[in-house]
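Please find the structures below.
Two complexes come next, and they have one chain in common, chain A, joined by chain B in the first and chain C in the second.
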Partner chain A sequence: MYSKWTEYKEDSRAENAEDAEGKNTKLLNSTGRVFVEFKYVGKSIQRPDAVKKVTGKAYFLDDVKLPGMLYAAILRPEYAHAKIISIDTSEAEKCEGVVKVVTGKGCEFKYGDNIRDLTPFAVDKVRYIGEPVAAVIAENTHLAREAVKKIKVEYEPLPVLVDALDSLKDDAILIHEKSGEYWHLPGLGPKAGTNIANHYELKKGDIKKGFDDAEVFVEGEFVYPWGSSAAIEPHGSIVWFHEDKTIECWSSSICPFIIREELGRVYDLPLSDVRVHIPELGGCFGYKSDITVEQTIAWIASFVPGHPVKWVATRKEDLLSTLLGHGMRTRMKIGAKKDGTFTAMETTIYQSTGAYSDTGVHVSIGAGHNCGGAYEFPNAHLQSYLVYTNTPPVGAYRGYGHQESQFATERLIDILARKLNMSSFDLREKNYMGDGSVTALGEKLITSHGDVKKCADLVREAIFSKEKPAEDDKYYYGRGFSGVMKTPKGAPFSSKSCYLKFNADGSVAINMGGAEVGQGLRTVVQQVAAEVLMIPTEKIKVYTEIDTQFSPWEWQTIGSMFTTQGGRAVVRACKKAIKMMKKTAAQVLRVNIDNLKYDGEHVYLRNDPSLKLTVESLARGYMYDDGMTVGDVVHTTSDARLPRYSVPDANGQGTMGVSHTFGAQGCEIKIEKATGKIIIDHFASAFDVGRVINAQQIRGQVAGGVMMAIGASLCEELVFDSEGRCHNAMFRKYRFPTIKDAPEKQTIEFVETPGEIGPFGARGIGEHPVIGVAPSILNAVYDAVGIDFFRIPLTAEILKAEMDKK
Partner chain B sequence: MKINVKVNGKKYERDVRENMTLLRFIREEIGLTGTKEGCGVGECGACTVILNGKTVNSCIVLAVEADGAVIETIEGEAKNGKMSKLQNSFHEHHAVQCGFCTPGMVLSAKTLLKENPKPSEHEIKEALEGNFCRCTGYQQIIEAIQDASGQMKK
Partner chain C sequence: MKNLQLIKSDNLSELLELLKKEERKYNIIAGGTDVMVLLKEFLIDPQCLYDVSGLSELKEILVDNDSIEIGSAVTMSDIISDSEVSRYAPVLVSALKEVGSPLIRNRATLGGNVGNSSPAGDSIPALFVLNARVNIVSEGNERSVKIEDFILGPRRNVLEKGEIIKSFVIDKMGTDERSFFLKAGSRNALAISKANLAFRFMLKDNLVKSMNLSFGSVGPVVIKSTMIPQLFIGKKPDPGLIDKSCSLVSEEIKPIDDFRSTAKYRVKVLENLLRKCLDEFC
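So, the complex of A and B:
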């Protein structure tokens, strides 16, 4: 659906014309609009990193080898909540190859970027089953793991809380006795004397009036249980305390600058003395964001200064000792007029955030304020409780609170449509947000925020334009639909930056702090820069690793913000470079800078293009025939942040969403009568991404996101028993979709309503494809068998049991 | 224990612990880090190598079991600095995102195409079921294999 022609509004002509100055632009006077044909944007250029990846030469954390390297293994507790009475390390110390055994004894600091409640090691008590209790440093990983088994720990078990609702009871034991004392960002934080790590509340309009005005009501409780991002590359980290008192760290993380700031703070070093490297990342999907394992490995490494210490998680550790996703229970009530107009929404979310809340707090806030999805509710009362439990900490997971809470919204809208005896498409259409809408946060939308209706029409055409097959001997057939809306959940310093360097031959090097996790940001950088600089993508080399010593600052690569924000930074850096070349050329050609134009190869005089200088001759400044030089080397820097991000006001509102992406998803399924197995015949997605930058790549983003959420909908759940133990922390039991689970057909389409922030109008898309999947499938299940489900994963066994009851 | 193996055409003789996996041997003894560890227990396929013509999860094969074997790893797939047809196809079709499953995926596809030069979509899915990918949703991987086997629907 993306087109090579695009249309800019009159008022943005000047800026966009400058973006694509010269030969790619045609001004059509008859309409008064600027049309731009893109030369690089929208094309499927190949990923520069794919060659190294496909030949096995790309190096990831576990491939890093350093001189004098030692290896760590970590002991995890037998109990999910217990006092540590004693730790006996004597036997472990005697084992072959052991250099040092480390415990949390004497570790007094806490860390965290939002709520400082994390600790690198359990000190007096353990709070979840994956927590570090002790560690062995040895000559190799195998010996370290063998020795860890010899550590003896005496525990005094404490009552275990695994569900937020239990943690909220008056007589519940406190998981953090001192939670009220923890440092936290303004507006966030635990409620002392309770297990509440954060309470977020939003009020829009008058909720009482909204429900008084309503004539029809629907309500329900929906559960999106714990899951894991489960990238194929597990977490790992290397930390090296050097003899010169500096620290160097390598990590499979997307937040090198947060790691640097936190290590510097804790070990009392200038940030310039902490250097963090990020090699290639084997997937992220959320759980490699925020600081997770690095402080633990640093604590271990601090006992053997002079030696780098490497630790790579086993799969079980990756699932239970890093970050989980979701753990969310959503209670929602919607009120509507008989004609389908929504009047009010009341939502309370309980998130079982695990033993530490630093990484989950923004997830629960995002789930709260964006739970209304693609619809406008004039009155809303939305709350989310982030609650400590004796389970692994919850953190970012692709979708960041949106799929969990919009699962409730999209299921309830289908139920409401039935109650109103109305088409669910008509009901949705009546309430879609668009130009002039006001979000729950109080943000006013304009046309350029995107067009959910167009997306819905594309999905409707793909999935619902034909009659669905009639039930037969083997299968029931059903079709379902869901709208989607997501914004980033920003933070005060959520910026991205860019360093750009023109080389002497006119080629360009670009260095940024954004982490490539597989999403393909390097092609985005290349294509955006190529379009603005009007040079071929092959002449633009993009950074391959992040090093805080050399990379420009970036908060962290989350929130599907790189294309939008990082791309904006690239545009700004490119424009500065063009300006620098013009400045030198103006001096050399002795003309006013305004009279110069740039076309990718030359800077030339507007009214006499024969008077020109090559880009090569300007890249390092200009040299006259006699060897004298003038002008500056063409190096530029830039940054871009979300415009006017604010923290919540007294009503929980503010400009926190900023960049919206709307979309729609739907599916055709069949259910095997004999087994209850759900087979997805066709899944369709359409998103208004503003501008497609790389056609094949964006298709891969959507296809992969849909697949991931099919896993969450049908099979993925990390199950914790009442003692806080997990019995399925392995791929064999934590099943995520294999190639055989791929839908028979995926339709992926894009609408391009240019946005105001991103390069050429592009908006974020990385997370959005996961959001409407569970409600689409469960709405299709109702369509097929007439049973409403409120919890995922909907396994064949569960569905078959309910079908049998009917 | 002493073992002899031929990896990507080159002979190696090494003394190894009896409990050392083939994966550790390839990564640490020979230094070929293109073979990845995703789970360590034979469930995800990231450590796939070709052992005497058949794909195996090298994390659950002992190095001593491979004594005398001919092994192919991802590093042997490109010849004289040129990527194979299959590698080029993965590259062109955006079948690579994070790249961590890619070496195993390419080797499983290679073995499939050797045994069955024109596999159907169903046969591709059967052959690659043991190679997990969390990024792509698999569609572009299927397309890459179809194209490499001359069956791309244009």
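So, the complex of A and C:
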């Protein structure tokens, strides 16, 4: 809580935080250092949005009501792949309350941020079961949904491809006949005449020599199936074509500026004539990034200019008509010396990316170049195939390709350790990346990139320091471990910016373009700014809604980059503001600016602190006794991008990682003999985050991420049959864990090796907690029952059946 | 859904009169936690809904010497927090605690759970072992049927047009009786059962004096076990008897494969749930 900050004693901050948080989780006390030099960074201050959210007063997309608003409902096809022969809308048009029925007829544009292969509506054919075919605009949602049922569509079914491996067969039907013509970013794009949307290939060292040098080999195929980010607030959008030829849009999205650029481009408007609002968001976890439903709603709304048109996804639509995660099959081979030194890795990833690839392309590239995880492989040949299938498009999902491919790495390392008759910890330690290591991308690491070994030791201490309980009547017991490495998967122009202004009373308003999806970025902004400006966090007001008319430009809030990059922008804006105040003070006090100091309350002369001016007296410039004013209003702008981000070179290498976060995870589980149910007694995570900004929130990030990945590991999967239909697209059948399924105990620890980019050394952490969970659990399952699993979710049914066979 | 009419009354006889005259397709609704889902998925297609949640006659819990009468529109949360029910019918309380989430239990009613007649309804096995009787009313008529005769199949029961469930009369368990409700779901909360069981029995001088056992979610309707109680009654429970009873499970139940689980797994899970009970009490 904010009010507590002054009560922290210099050496007891960690204990205070621990007391506040419950007995099971240690905090910040493992590095042997307590960072007493910070006054605001590292504390647990209350979120500025907390009261509104718990009282139900926060304002979300579905709360937005506008004059003259109409409502849309969308028809989805009955086939996952079919030609549209005809659409008869006549019955629907006659229904009560119907204003207009819309189809994709005449829609000639495609859109996308990376590969322009998306269409707002199916035009000649449908490519997946959730695709928009037609829509009804009506006076309310119920009437629109009723009328949608009256639309008659005649289809000619085509063969359906559900798995990437089927789409890659020579005789497979083409899902996109003209994919070769699609616009795309440099360095990526579809292979014409195939279902390959992108092929990424990385070569490091000499793979042949690497395998020739190896004495032991392990290989395997691992499957991380489709799942949904499943935010409690579904996708939704409102688009309003104004009569003055401007467009206004509200969306449950984290990329207002991409939406603005895409709508401006497609409807041929200056970007300043497109205004996008982002209200509060009820969760994202990835799938509200990149442009998703907005072009579809804009196409619908373009038929009723003057009227805002609202559409909010049903749960089924949210699961089948927005973005899925994963859909990844990883084939991996690792070669090593007898002493455990890795010599080579060969990986081929097949991602079933669904009917459109725009949003999945960076996921598959990231999965490719970072599949080696926290380990150094001197020789590597890594490929990822992004393949069109007749399933919903795959896009960002917390972890962004890392949990899927490192699942393979971490499982294989355990298997290799058994083969070498070596402790898996010793094997890992021999190969951890650290100072001087070269990543697959060819980036050379230095100490400030973080320390995986320290993280591993913390997890080892938490999970493996005691003897494992012996098998008893009811349970088998097991323990598992996994290393973790993730970098943001950036893109050109992946910048964040900041507007800061001082008010007349010395309080500060900060405006940025980062979306608050629940991760708590507002407190990060407050704490970083408070630390630099040396004023209490309560004097810093952080923006709520994002509005492209007022907010500074930001690419989108993804890649666990906000604290690192957004925080960097905040630091820069604050420093500029201090400089502005000094500049005015120098004029007033008639001294050189270099002789002035700032302490949050005053600007004063270094060698005579009695000569000082208050911050309030400088905020709008300075006023002399006679009313004359000098100096500037204190408001500043700044930005921060991923330094030196590049597209891949001919070997698939380049500076694409930029900022690394290393970590380790592990768990103690028991398996109920009777039912095969996996019970996670204790889950431990440790990450080298560079710097903890908000102690309470970062714990929440990790605890929540672990839970999300426990869901993927044990129960979540969206299942598509051979016809591309999904039978569990509802929360009643798509099960994610609840609080009652949480591990009995979670240990969460942080190492703080400051990084070079983020504020006070902070690195990204939002996605990382999901990465090592599946391999830790499956490694623990082997430890418990001696069975290797290569696919998740590992349900009680599957585990029990294999246990019975044994 | 647009022409759906909601009819609500706070007077039971008025509502029954309206129901009798009703010629359209209707459903009874109380908390709506099943009805709204069924409507949304087009599994029912009524023209009107009769809301019984405002009928005070259906919202009482009455306790007498050897039985408890629970109104059909009493919410699960209210039943759970009722001290008399907790004391005299703990198995029902444990079963209801497994239904959905607190939000669902605040709306869901016992009458709705039974009226929906799902084989996976968590309250039903508990009502079986409590020898529940279902009091049914219609205009000018009242009848009472045993819970096992009330449910005919998945989502089918003996309610005729014009009839609604008024209340349930259950046994008041003796202080020397013990009971159990166990459930296996796909997760620990907010999950529909893959298999469940309710168990009630009394030991006297180390011998089994009485035993009631029922299984849910493992057949078209909740199943009342006959073979297993027969095996135990009058005997001293021992490991041999427990092994034998577990092997009888597969003969008594008829599970199916569905999206929640497989038949094979259900048999195994149920055997193990039963073993858990018997190990603890015998």
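Heads up, the rule we're going with is that the second predicted complex is superposed on the first by the 770 of 806 C-alpha atoms of A that agree within 3 Å, B and C clash if a C-alpha of one lies under 4 Å from a C-alpha of the other, contacts with A are read in each partner's own complex, and residues count from 1 in each chain.
What we mean here is this: contacts are C-beta pairs under 8 Å (C-beta built on N, C-alpha and C of every residue); 3 or more make two chains touch, one makes a residue touch a chain.
Please read all numbers here as calculations on a predicted model, not as lab measurements.
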item	value
First (chain B), second (chain C), both or neither touched by A:Ala674	second
Which superposed partner A:Ala796 touches (first chain B, second chain C, both, neither)	second
Per-residue touch tally on chain A - higher for chain B or for chain C	B
Which of chain B and chain C A:Ala50 touches, first, second, both or neither	first
A:Thr738 touches, of chain B and chain C: first, second, both or neither?	both
Intersection of the chain A residues that touch chain B with those that touch chain C	142, 730, 732, 736, 738-740
Partner chain B, residues of chain A touching it in the complex	44, 46-47, 49-60, 62-63, 142, 229-234, 280-285, 312, 314-315, 517-520, 696-697, 699-700, 702-708, 730-732, 736, 738-740, 742, 746
Chain A contact footprint on chain C (complex, rising order)	1-2, 37, 41, 101, 184, 186-192, 259-262, 264-265, 268-269, 271-272, 275-276
Contact footprint of chain C on chain A as seen in their complex	96, 142-143, 145-146, 674-675, 677, 715, 727-728, 730, 732-733, 735-741, 795-797, 800-801
Partner chain A, residues of chain B touching it in the complex	17, 19-20, 24, 32-41, 43-44, 46, 73-75, 77-78, 83, 87, 90-94, 96-103, 106, 124-126, 128-142
